[in-house]
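Paired with chain B in one complex and with chain C in the other, chain A is shared by the two complexes that follow.
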Partner chain A sequence: MRPILMKGHERPLTFLKYNREGDLLLSCAKDHTPTVWFADDGQRLGTYRGHNGAVWCCDVSHDSTRLVTGSADQSVKLWDVQTGTQLYSFNFNSPARSVDFSVGDKLVVITTDPFMGNPSTIQVKRIAEDPADQTSDSVLTIKGPQGRINRAVWGPLNKTIISAGEDSIIRIWDSETGQLLKESDKESGHQKTISSLCMFTDKSHFLTGSADKSAKLWDTRSLTLLKTYQMDRPVNAVAISPLLDHVVIGGGQEAVNVTMTDRRAGKFEAKFYHKILQDEIGGVKGHFGPINALAFNPDGRSFSSGGEDGYVRLHHFDPDYFSIRM
Partner chain B sequence: MAAVESARPQAAKLRWGELEEDDAGDLDFLLPPRVVEGPDENGIKKTTEYRFDEDGNKVKVTTTTRVRKLGKARVSKKAKERRNWAKFGDAVHEDVGSRLTMVSTEEILLERPRAPGTKEEPSVSEGLGPVQPGAVLMVCRTCGKKGDHWTSKCPYKDLAQPPETFVERPSTADAASAAPGGAGRSAYVPPSMRGGGERTGTEMSRRRNDENSVRVTNLSEDTREPDLLELFRTFGPVSRVYVAIDQKTGMSRGFGFVNFVHREDAERAINKLNGYGYDNLILRVEWATPRPN
Partner chain C sequence: MAAATVLSMSEIENKAMNIGIDLSTIVFDNIVLPPGDDFGITSDDEDILHEEVAPKFETGYGNVIVVDNLPVVSPEKFAKLEGVIRKIYSQTGVIKERGLWMPVNPDTDMTLGYCFVEFNTAQEAKEAKEKTDGYKLDKSHIFIVDMFDDIERYMNVPEEWTPAEIKPYEAGDHLQHWLTDEKARDQFVIRAGTVTEIFWNDARQLRPDPVYQYQYWIDNFVQWSPLGTYLATVHRQGAIVWGGKSTFNRIHRFPHNQVKHIDFSPGERFLVTYSSQEPSNPRDTHRVVLNIFYLRTGKLMRDFKGSVDDFTTGGSGGLSGISWPIFKWGGGNEDKYFARIGKNAIYVYETETFILVDKKSYKVDNVGDFSWSPTDSILALFVPELGGGNQPARVSLVQMPGKVELRQKNLFSVSDCKMYWQSNGEYLAVKVDRYTKTKKSTYTGFELFRIKERDIPIEVLELDNKNDKIIAFAWEPKGHRFAVIHGDGPRPDVSFYSMKTGGITARVSKLTTLKAKQANALYWSPAGRFIVLAGLKGFNGQLEFYNVDDLETMATGEHFMCTDIEWDPTGRYVATAVTLVHVMENGFHIWSFNGKLLYRIPKDHFFQFQWRPHPQSLLSSEKEEEISRNLRKYSKKYEAEDQDVSLALSEQNRKKRRVLQEEWETWTARWKQYLEEQELRLQLRDGEPSDDEGSQEQYEAKEVEAEEVLDVHEEIVD
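So, the complex of A and B:
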């Protein structure tokens, strides 16, 4: 396949997200400006100007009209997707790390980093239909986990919130009371910070990637460990294919660590694994730096990867990808 | 009586005989029609149009495009509307020629996993011999034999590089054997005196070669001389390539030198390959000696 290279960001990429129909791709990077691209040919549609710090995460509503972004400038901003205007800004006492719209887009779950004595929190905010009615009140605030919470997402039917972070434990919280319902097992779970989490389309299972060089597949309801995919490098980004039984995992080391003796350091590829058999299907090379973000198009026919090198690479699969046999 | 009536089409065209002298110039306002030579087997489409430019001159514009079908997409109505959204933010002043979005020049494949160390050469299939299904493909760089042993275990380790990798190399062992006949290997013959190379011109040409020396840095670990030769020979004849190898680990130290025969080729190589992405690292290519001007 011939990947389409999009160099709109000056700094490393942090997150990629497709809208529900798969025609728009949103990219967040450390350069303060989330960008929206057309997902078929990679043409840039626009940028959202207003943040003053690295943008860590974003999510787009079901009808592709609202965009929410979380940034290190201690704010979470709500945007109009089409025009790029900022509709609202939630302000916090510490950098915001992860954002996720609930099913129905009425609520958004936000995590904030531990900062200056404040512990990390998970907060739920209500999103009003009309931006003029928007308030900053939190519907729910959860404090507790040690360390940074790298990702928090809604569980099935918005009944639960699933969080994962630096303490390498996955926690499931009740979304109405804030009570801790389940924790992942310490022995079989990740051993180092969990950097990324991706839900499957029907939210029945999810994939987490960790700096302990593995990615693990979990069942959402029981939090049982289903599968483990071994990598040879710390994992920064994971994605599950909505169409086939594939998962893709990307990672790499920071430039600071490149002098380690690992022979294959420097060849940054996104690795495809068979979701059920756990075998490696193959790798897609090309990034000149560690891969920080991965996303599958909802139709499963293309995927994009964002790297430390500031490039977004958009790949449309060749016909023979769909007939890979293990 | 069959009257053959040939239907004379009422042509609306002007008959030049009826035109007056002065009106002949009026025809200039008519432009020849646009001609589209449809996509041929390579997908190349040529459109020839005519238009008037700002000074009123008739201009012929030929546009050659390659039409490539990326694939069919079922697009929802909303998605189609979104396609027509106006650009905003930093994209407002974007013209079509902006270089933000580019299709990669390289074809990237989903590479199936291989056992570590095998080389993905397309010529692997030749001379394979009987290989058991499932056996790992072992390629030895020194003797070029496949399926037998790795490079470090090569029984012919101390042989010079296989002769076909180099065009001219007056100092190889092969050339040494063509020493002045009868020397019987006991007498040492300096390289410049060995047969097979230019005698008087050797030292001067080698010195000039060193001025055509190009340093290449940021090489990947498994880059070797043949890789550099293949990369640089397109610019012209190469007299020598060298890749610095760490003896302990066998990996490239990340840099090497290429000596061109002609200076202009070296210059072109520098201009073209500096910043070129090779094996996932961005090469730095420059003059080896301080810029000789």
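So, the complex of A and C:
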């Protein structure tokens, strides 16, 4: 498996996202400019200029026309995917950490960091059909969890919102009323900051990665812990294969320690685990910094990883990957 | 209340209900029992009170000594005598103000011939007792000095001798039980964080099998005895040895305050403990205490006390001065002798009597280093050059007892020597560093002694490139070969030599040289033949498993940042470990002898890994040979066992997997039910299906030809 090395960002990667067809790959980094690439050969298609801070997260609409990005410049921006023009900017009084389109792309859930005395929030905005009608009003604002909320995503049928963050607890909220419906168990749940969360395509289950050196698979509706994947390093990024029963988990020791150790000691590998058996299948080496972002192509035949080293590595699986027997 | 039996909690609750007491309102700590009645419940502290050595209470007189056998003097001479005593004792410590008291007979006004001296600290008092007991004031007045605390004990000694009570013989625990393991597994001990654990190395199951675990077992470190019978743990108050059939029971305690090092004699008869104490006066040197205990009874055989300087060879002394072990054991497994080096002498003691052999030290001027043969009572000595090269350096072999010099070799322009014994005591290799003519650099050669041959022939060996630095040297255990890592730079060479080449008159010759290896340490298998060439620490933990019989590499591996390597006592497995020396990646790996990685255990704060040693095999060499001839017959049985285990393992695995798979299927079935929501989702998407509905083939790639008009211009054709 020869990776395609995509050099376009000048700072560490933060997030990767494929569009539904899997022909485009969107990448976010700390260098202010989200970038779109051809997911097949890694050609750079264009950038979205306008942010004035690290871009933490993005999401692309079902029909690949709209892009939403959340940034540390305290704004969430809506873009035209094709032209790269900025359609709208939601402004906040603290950095935006995560964004996620609802099914139907009519709503977007945004989390903001605790900042200058403001607590962290989960906010829902309505996306207008015509950008000219767009307003910045929040449909719903949820406050409560302590510390940063690293990720909030929509549950099945947009009925719930699932959030996870620094307090290491996963919460399910009612997306209509903002009521807290469920909380993950402290004993069996994560012990440290949850850094990432990835929904399976049919939203039946999701995977979380945490600094406690584990990734956990949960049932979306009942918040039952299904599986635990034990790692020997803090987890920064997770992804679930849409094709096979595989999950990929990436991480590495904290960025502060990276300069003090050899890259072989840092464990900057993307590790594949069998989703059901929880056994390690293999690893993909290459980055020389911790892995911050992972994404599977919706066809399950390629995946990409983004590292603290500023590179995106695009991997197309070899034929023998599809015949792995456990 | 006749509650002499212990009630269960539920019974208590019932009783409380009956008599109408709310238990939650009672603070149990506030309950006071009538004095003298424990209601049949024994206190937790009781064990401690009834232990053999009951805790001692400080009497407060620990810093007072009693000096007896003083002259009896009249009042006129009282002040003079007092002055003399004060002078003597202020040399050893600080006497407290009004801390000297000489009682006087009220009738005669004469002194009573004894006095009390109170020091500032108990330690000073002890030192004073040691130094002045037996001090000759004059011919008829020899001091008898005792600790004040001891006097009472002496008073209570009964006048008449009563025969000691003879305890009936109790069969001891089977201390070598672990050797009879049915699966012929070996044990090892690890220490990580606050936990000390002992495991079986279950290589068939590819995991360690726990034997015993203890939290906060020890303060310092653990150590197996040389034959594996005991496990010693080192604490602040002393060392403890443990052993037993199934669990580890405490066998003996060896009290030694602030003990720093311990050492077993090779035959497991004696235990040496060592401590050094910060001096109260910073100008003084550290005080060293060494105790030698008889291991089976825990009896103190002899103690050695003194300043650090007494236990070092010249040099500046101080902290780094001592090299452990101070006492080296000689005479093979019988532990006949032990010896230490001093200035211009070697002190050799007999374990029969615990005194010096021939009652005097063995004088060797300017002796630099010595070592015992591992099997015989032969000492090898190294004496460095004297007088700027006028008197050559020499290496000599001395037989004990008798101090007969068996062989001697003079060496010229030597900078340093190091001695390496082969484990059977057949060969001695002396690595000699010599100055080049300019004296600016050194080069190295070897002097090889054949101890077991007539007249002990010596051979000189120089490397092909004699300017190569020697990085490591190791004899093949019980064998005739040795390995050397030599060379400069990051990729040194490894050479193998044999002592048994060249027909009847055996000669040393090179077997092979492996060029440019990333290695800085050599680990022979205890059974010989195999060796691990390791690149520790700076070399990132490269491992090469090499077969010296066939001169070929069996496997290479890597344990990143590996700091320690140890073969198991049978030579079947190798453990590699990263200990706390390196911050990251702590833990250990177990390899097979041929370099196959069997399993990995990560452990944070990993301190120590140690295999449990084996005693010497009881089989005669003929029997061993016979077994190795019929190896095939024996191995069949084990191979069958191996297969059974692996079958059982895979069966287990399959079962586990099936369970997991079934569990998952129930989940997916549940999720399928939600597919009915499809309609709703379609609505949300304004009638557009999303990708998870229907099969993947629902949309297929179509090639759409699109034409774009770039330019239109008309041309009129004629």
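Here is the rule we use: the second predicted complex is superposed on the first by the 316 of 326 C-alpha atoms of A that agree within 3 Å, B and C clash if a C-alpha of one lies under 4 Å from a C-alpha of the other, contacts with A are read in each partner's own complex, and residues count from 1 in each chain.
One rule holds in what follows: contacts are C-beta pairs under 8 Å (C-beta built on N, C-alpha and C of every residue); 3 or more make two chains touch, one makes a residue touch a chain.
If you're wondering where the values come from, they're calculated on a predicted model, not measured in any experiment.
Aligning the two structures on chain A places chain B and chain C in a clash.
By the touch criterion defined above, A:Pro156 lies against chain C but remains apart from chain B after alignment on the C-alpha atoms of chain A. When the two structures are aligned on the shared chain, A:Lys7 is found in touch with chain B, with no touch to chain C.
Shared-chain residue A:Gly104: touches chain C; no touch with chain B. In the superposed model, A:Leu140 makes contact with neither chain B nor chain C. Between chain B and chain C, the partner in contact with more residues of chain A is B. In the superposition on chain A, contact of A:Pro298 is made with chain C only, not with chain B. Of the two partner chains, neither chain B nor chain C is touched by A:Leu180. After superposition on chain A, the stretch of chain B whose C-alpha atoms clash with chain C is 163-171, while the remaining options among 163-171, 199-207 or 271-279 stay clear. In the superposition on chain A, the residues of chain A contacting both chain B and chain C are 63, 299. Considering their complex, residues 20, 62-63, 102-104, 106, 156-158, 201-202, 204-205, 219, 221, 226, 232, 253, 261-262, 264-265, 276-278, 298-299, 326 of chain A touch chain C.
Within the complex, the chain A residues that touch chain B are 1-8, 21-24, 33, 35, 37-38, 40-49, 63-64, 82-84, 263, 266-269, 272, 280-288, 299, 301, 313, 315-318, 321, 324.
Interface of chain C with chain A (complex): residues 540, 560-561, 584-585, 602, 657, 660-661, 664, 667-668, 671, 674, 677, 680-681, 684-686, 688, 690-692, 696. Those residues of chain B lying in contact with chain A across their complex are 70-71, 73, 75-76, 78-79, 82-83, 85, 87-92, 94, 98-104, 106-113, 220-221, 251, 277, 279-282.
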